[in-house]
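Below is the structure I would like to discuss, written out as structure tokens.
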């Protein structure tokens, strides 16, 4: 009323200081949260889940992106489709369950009925001249990237998803995600802004102290380190990492598995990065034992010791694909200071629970890691809410991908704001 | 901040498309909710409960209309009065219970004491020149329509309530609501805007599938149907309804009970509609058996098979009066997406629970029906909150009264906005 | 949107009517709440707790003042310090517990480490030219008034705290608060604006009816009464009070204990008032028995029958110091209609629980009294939220200190608003 002269969003975007965390309003302001929903989650490609969630005709799941609820389903021709979850009559939500199976979409209010392709086929008591063809479900753009479902709420989705698609298919192909099923699913609410969840994901500077389970298999050095200032123990560990990594590179080359880093995290709408990373000890999987958690390997793989393919997309996802299982992560804002993290563990569709894998063993590392990260995100949200908070410096060695996330975010906001002004 | 250029309320009102649901902000905007409280609930006549809730001197109940809490009480002369529930000293809420009995109104904070007519009679420690007569409770306009209590928070209530009063007394009189008592009361919170609760009440298009208990006694055809397009089964059912209805009309004429539809739902401030409707099977009451639930009939009635008198008022009520009991409904907004539904079941004041009636049997139909409607309202609130929602078409055959509700609402908003501008 | 033309804060301040409660927005408006945080809690001296909460090096407690979290700690040199609870790296909250003990401040996120004087001493992976000296914890102004800790969030705290300090030390000294420890602590959330909590504290007009436990020891007449209009019983009680009070004055003079009223509640930033008041019956302490609750007296006191020193500070505290124990109260806003009341019971540091005192007996009066006041505050919040609420008159005889609180509040707002405009 008195003390908070409104700083315009374009000014905040323009004055963002590279190499530093964002200014507080980006994490706390309800207005910027609404802008994020409109300009980022309303216009960019979003990862919403693996296609393994909808394997048969009529299978569906729903996902709420801010106030927008969408239905993702498998149609009668085995195609994937997404629709807005709103009846065209009185606006009722059509499907209120997180997932399920159906033959037609029937609104519970007045039984307006839609085909799986969205066409309205039944609406009683309407006028003689009522036009069914104008009242089908509103479609949402959908892309199936080798078993990973992306949607875009905009009328005109960013075109450069094609480049992402071309680049990533060879990396994803060996893991055959199209032939997986969901072995386990968790939906975790984190008490922080979605960008803090993303920033947390983009570095492993916090791993050594906070993730005792994850760092059994994952090398913190895979994401960078300070070249100077390391003590003797640390220098030895870094050398050891380099030796192990080059051993893996030989394996990947021999197996014909793409592994080199591709980094398009900034300068594009469909920003992404991928890299195949060594796994410590047995080298097989992100498990407590570092061995595979599922005996039936993914796709047609026969080599267990493949390390892990990491795949990150802007603005809201990351994935880890090992020889035996994959884990997908989708980040959905719930409010300025609340975020949903949807995690899905995938195994080969022929793998049998209790025979080929044990759910507890398959999921324990990332269930613990997610809970630890949620705690860190909540602490950060509390801190940046203080008027005393000022942007702090990212480490140039271990927080480079955080900087790229922040940079992409600011770039995209600026582009959309320019577009709106034009 | 960027994507939601504020659309002015007058523009939204002016561009409302007849025959269609309202635009989303009417159901979701906090600002329009505040406007509804100020211009609709702050200026129109509101039904708040039957006079049967306050039968003896000193009996009171409280009701919160948005941030406004009022006390309705029976005074020492058996008159009904309403006051603002605010002490004139430091502003404390005087009565915090939903109902009770008292001799004087004593503020719990510093014991300022008021008579049942609102006069301040005790305030210690005040200055010698303190004027008690300037510090009485603030009164609220109240009308008792044959046992139904309406209040108006405005300084100048709409005058056309007189016309409603004159029209309705003959219809209500045979049911003798002044000589009833409350057999059961429920306060149900619905997770939707109050207008969705009202729209849901104004049609029975949704009844056949959603209200298995109610439709045992109530004909869905009583509220209209499509003349064309009905299949043979449905045509036969409609014919059967017409025959039953005309049988009831003979009964009503013979008994001298007013029954013809009166519809003043639009074009007036105190909008209302009434109609006596047949009841199926035994024809007596809205019960599972369709027979009376109370052996002692209302007023001086002797004919059990009277169908049901339905009485709707804008903006916030409806009632069903049968030969043996009546059910009143009062709708009170709690927030943009939360609404209170207060339901009261009335029986003759001489009826004895356990002898003349059983509460479970008396109330089961509307308890179930209310719960079913609350679910539909919540689904609709979720749906219209989506940016993908656009107004949909009402059925001209079964949703005519919904259209009249929407039309009245928009008319009244326009009138008040014009008044504010003038 | 339509009915609430925004009234500017300066207008509301300028038109405040002396001798009356504040207008509703001061108690209910989210904008004025934010202003209170910025201009009152952001700029004035605030009492946050007794130094007895941090007795040893490394002891700390945290307190959240609106969105600002601060750490109060005892450093290695036994000094008291306050810091913002925000890591200078990514902004995480450093300490999430209400209190504890530590050797260094280590951020849980990436292990940035600070000394107890706030200096950053460890931050891994940063660039070679990273300047540790620019990334220490942000300090907060702190004053230790004879064992009572005040902080100020402003860059330039009000200077007249010095006058308060000089005036109060002689009154506080005999009670030796620096040599106490916390026997019991409660944090109570009241459902009302912080100013209603303060107004409630500033009068005892409500005591007789609402505080049966407190009024055993405390005379309601100590805070004023109407000279006229009292009945015979009351006149006799007032005379009795005067006799008892003058007896205490002789005791205080004999003991050399300062007792005369000092009232600087208005016209200054660091507003305060003190007065030593008689205690009824045994005259020793604010307990149910009116006798001391702790056998070991405070400081070097030997006289048990000392009545009670009351000490009030604007904007957020009051304290009662008896011969055997002291009770401190700190009021912290949580929202427009939610307030935290932190109460601490202090006894001599050598007193032994179970031997010298019993916690139940020590605390029962103020635990009950706080709960009763919380109820009254909640009722008042509900009442002033009604659009029907209008400011009411304070009693000139019993609500003079309430008026002074309101006057100070409005004075300070006006001064800060003028400063902002200048």
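Read from first to last, the chains carry the letters A, B and C; within each, the first residue is number 1.
Quick note on the criterion: contacts are C-beta pairs under 8 Å (C-beta built on N, C-alpha and C of every residue); 3 or more make two chains touch, one makes a residue touch a chain.
All of these numbers come straight from a predicted model, not from anything done at the bench.
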Given over half shared residue numbers means same and under half means different, the chain B/chain C interface is different
Quick check: superposing chain A onto chain C on C-alpha atoms, how many degrees is the rotation, to the nearest 5? 120
Between chain B and chain C, centroid-to-centroid distance (C-alpha), Å: 48
Residues of chain A touching 2+ other chains? none
Which stretch or stretches of chain C touch chain A in the complex? 9, 31-32, 34-35, 38-39, 42, 67-69, 84-94, 96, 108-111, 124-128, 130, 135, 138, 416-417, 420
Inside the complex, what are the residues of chain C that reach chain B? 1-4, 21, 199, 205-206, 209-210, 225-226, 228-229, 376, 379-380, 382-393, 395-399
